[in-house]
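Could you have a look at this structure, given as structure tokens, before my questions?
Labels run A, B, C and D following the written order; every chain starts at residue 1.
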Amino acid sequence: MDKRMSIDEVVDRIPSGGLIAIGGSSISRKPMALVRALARSDKRDLRIIVDVGGPDVDLLLGTGRVGEVIYAFVGFEVLGLAPHFRRARQSQTVRFQEWTEYTVMAGLDAAIKRVPFMPTHATLGTDVLRVNPSFKEIRDPFTEQPIVAVPALKPDVALIHVNYADIQGNGVILGDGHVDVLCAKAAKDTYMSCERLLSSEELQRFGRDVQILRVYSRGVVEAPWGAHPTGCAPDYRTDVRHLQDYLRASASEEGWHQYESEFVTVDHRQYLENHGGAEELVSRLKV
Amino acid sequence: MDKRMSIDEVVDRIPSGGLIAIGGSSISRKPMALVRALARSDKRDLRIIVDVGGPDVDLLLGTGRVGEVIYAFVGFEVLGLAPHFRRARQSQTVRFQEWTEYTVMAGLDAAIKRVPFMPTHATLGTDVLRVNPSFKEIRDPFTEQPIVAVPALKPDVALIHVNYADIQGNGVILGDGHVDVLCAKAAKDTYMSCERLLSSEELQRFGRDVQILRVYSRGVVEAPWGAHPTGCAPDYRTDVRHLQDYLRASASEEGWHQYESEFVTVDHRQYLENHGGAEELVSRLKV
Amino acid sequence: MPIDPQLNVDEVIITTMARQLSGEMLVSSVTAFGSLAAHLAKRRYAPDLAVLSTPESGMDVTPMPTLTLGQFLTDVQQGIPLTMEDIFDAIFTDHFRIWINPSQIDQYGNTNITCIGDWYRPKVALVGARGIPEDTSHLSETFYYILNHSPRAVVARVDFKSGAGNGESRHGLDSHGAPSVLVTDLGVFDFTGPDGTMAVRSLHPGVTVEEVQQRTGFPVYVPGGEIPLTELPSPEDVRIIRDADPLEVRKLELMSGPEAAEKFVAIYERERQALHATYPRVGKFGR
Amino acid sequence: MPIDPQLNVDEVIITTMARQLSGEMLVSSVTAFGSLAAHLAKRRYAPDLAVLSTPESGMDVTPMPTLTLGQFLTDVQQGIPLTMEDIFDAIFTDHFRIWINPSQIDQYGNTNITCIGDWYRPKVALVGARGIPEDTSHLSETFYYILNHSPRAVVARVDFKSGAGNGESRHGLDSHGAPSVLVTDLGVFDFTGPDGTMAVRSLHPGVTVEEVQQRTGFPVYVPGGEIPLTELPSPEDVRIIRDADPLEVRKLELMSGPEAAEKFVAIYERERQALHATYPRVGKFGR
């Protein structure tokens, strides 16, 4: 089955109010071309799940697409805090659920294994358990000791970006896998962008690096630089200069409008052009 | 850390009465050199965990080393039933717990994640739930629907066989992985035999096929043909002729004594000699 | 053999099995019939299937029935390696199909591969429930085949429920995992009778309802109207089956006693040459 | 800078951190200090450590601090790729160590990276608990460092417990995950005070107990007897740190404002050349 589609076709299939899981981790291999298209769409009240979020969550908050965020972390790592996330958290303009790295994984895994919850000791003794409205402290049926029941997270859609894919929807991840496999398996519909499409025969040569199986993917988009400004090892490193510009732009309303018009409300092709084109990106970001 | 040891040193470290998880699957990649050494030892009342068992469980039952078997399956696949397992089940000479493929995995995973149980719908509506003394039917705390709590399986020892290993205890599995990673992670002490020792540098070239991480292994044994008579893809296929001989021998007490003296109470070197040596095995079993 | 003597019963059954498969699903098998049905389906009826060459791995390669569960084909044909976790995740997310060959199946579609007689003191201990409880609590389609339809195999009530059928077994389970189809050497059956009991869907050529009733341990429900004839294999179906199984491993499942033993040895001796001839890359990892 | 001016505070802290690590453990890090401590420990103090070059992957390679979390080093140095599941399995089985740099730590060793002020209406929203709850419920040793010991960072009571310390936080948890050591720019602290509160273990040269009390938000417990001086880095320690971080990424963590921004840009521009010089294989996957 040929699952190729355009970025806009992917966005068309994402329902307002939908629960959207996003792969990658902070400033690494976020499906930013898909996220930007979503950010400039008219979708509303999206409920976002991220394990470790970064520019993805922040941008969607910045353009007002988000109704709720389920997260273990949202930040720009060494660059600092995520500005729109910080503002939204402090002004309570949208709903937030603080989870943790493993509990997000466990929630997705519960959805995959079609069980209502997964047990864990993580968050016992912390305030995460106090403020998280979804977790439930229960008693282990064998020992009566306390344990936390993490409910299943059932995304409507997962968005991920990979190094290579074939048109059938198999995907190769060469750097760290983060939680992309869990997102892809747990979601009803998984859409994947890739740096490059390969033939299925070529793809099989990557063996166990073929981490996304086609039975889980609904659509594939070829989008070179599709993770930019986050990194996509080993193809390119994080564009920290762009992220610094992003942080500066987010500091003022005017700056943000300028950023939006240059880098969000344009299509992926124009986005790359506005960075000086692929040649310029190669010279700066190719390691 | 150099973790090399001899087969006998591994057996010395296995306690009578211990809970022993064995990797591989039916007639594929069973750690038979280690199992044979255990079978000829004076250990008693071993409690064996297998997901899909075969000649491993059967041999240990045949030499009287076993007090209990936790299993999803014990058989010789296309060759038929496991003779000593069948006899022991029918005469109830040892204890048996019937689990299932996923519940054994879930029990090991619970041990790894240090939770007392994992929830699953598997076994609801079956007699496995009725006869299994370890499972507990509980209510999901969110919906009050019935679900099965599978308790943690915490092996004292895991025994596995891999294609390649380094002296630090990293292991490469090239064929199907079966439940070896779960066994290795869940057990207090994991001992691994391998077809060949490689340098750590060579081993790293296998990327994601390095499935056993050294932090989980306690000892490494170089034992070429260490899975024989089960197969070890892609190094050699299952020796079904030997397994047919085994089945024939198991049919009578005399035949079994003869088999034991020829193939069990001898060390690994002699075992290979009694098959005509490595050359003969290569010519018959190398694919 | 009740079927037209020009047709081989194995080919009729395999083709019928193949025609039940559809969609984009991982198809696994532990028998020659199962793997040939998957292969034929992929070629002729359901091109999106993701066929596995071993019970757990080698996705999207051509399965070839072997005595050792196809482990070597994975290696030589590459294909995408999976893990046991991948397999069970596919079961739980309903992206998996398998043809199960139970020792007993009853009028409600409960299945038994565990034991004949009481579990606690079995007359015959078989192999154990393996992964059947997972299938019968999670898959939206569950498929069974039996090669020798008899009152000992198709029974009023199984001695042990390894797999959950309809009726009281469904309590606590939703419809996922309910029995879909049974193919035997007499015909095709489904579970659309009263209370989800077994019903005749079609009969193979030359088979009468009387013969079915005679060879079944309970009165099978026969819907009103004319009973359709099972659609027979086309010459193309037959050619594909024979090409994929030149050693006729499939015939083993129809044999027993000395005939089976002789065939078995013959196949075993020829298997390696056949593999080498088909896949010259075989043995690349050899010493 | 209270330390001997000939010694750099970063080198004193990193060396002290390195000396706490021991055993055969995966060591992960998301900061330059953490990765340099792991690297130094492996070279000098704990040769069995399995150091990761990214927060989740690249086991047994030399970590080099980069702005983008070391993703590229994994590729060029090979190393053993892990998954997020591997990381959390290592945490749960206590085969994992990490140096955590919290925004706040309190007298019981509770830690906060989530928010300043009330979670529901934070004065400053930080990043979210990430994986700290998993660490503080499962690891037998948990390590913290803070580079600017102040009453705002080392507080009587954290605003939000992202990580569980001693005291009431331990209810429902066993001793695994309890705080072990805090290293700051003033000294080394443990949690052997009354009721598991913070106690002075050693002071860096030139630091007095008075200064510690002044810069701490609560009265730190001072055990009887003479307070030891922190053991200083040897010339070899210093050489290893400097060689491993020629771009001085570690200095960034000590800076802020324009100084940090300038340094950041300088490192970013030089990072690629440095990688190319060290690892000529970089870029092999490039188009």
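For this structure, a couple of remarks:
Just so we're on the same page, a contact is a pair of C-beta atoms (placed from the backbone, for glycine too) under 8 Å apart; a residue touches a chain by one contact, two chains touch by 3 or more.
These numbers come from a predicted model, not from an experiment.
Of all chains in the assembly, those touching chain B and also chain C are A. Set side by side, B-D and A-D show the greater C-beta contact count at A-D. In this assembly, the C-alpha centroid of chain A lies 40 Å from the C-alpha centroid of chain C.
Centres computed as Cα averages put chain C at a distance of 56 Å from chain D.
A separation of 27 Å divides the Cα centre of chain A from that of chain D. Counting only residues that touch two or more partner chains, chain C has 81, 88, 138.
For chain A, the set of residues that touch two or more other chains comprises 113-114, 121, 145, 207-208.
Chain pairs that touch one another are A-B, A-C, A-D, B-C, B-D. The part of chain C that touches chain A in the complex is made up of residues 24-26, 47-48, 50, 59-60, 78-82, 86, 88-90, 92-93, 95, 138. Residue ranges of chain C in contact with chain B, taken from their complex: 30, 54-57, 67-69, 71-72, 74-76, 81, 83-85, 88, 91, 114-115, 119-134, 136-138, 160-165, 169-173, 177, 252, 261, 264-265, 268, 271-272, 275-276, 282-287. Every residue of chain B that touches chain D in the complex is listed here, in rising order: 1, 112-114, 170, 185, 200, 204-205, 207-208, 210, 213-216. Remark: chain A residues 113-121, 136, 138, 140-143, 145, 147, 149, 151, 207-209 touch chain B in the complex. Residues 25, 27-28, 51-52, 71-75, 77-78, 81-82, 85-86, 89-90, 92, 98, 100-103, 105, 121-128, 131, 145-146, 174-179, 181, 196, 231, 233-235, 237-238, 240-241, 244, 286-287 of chain A touch chain D in their complex.
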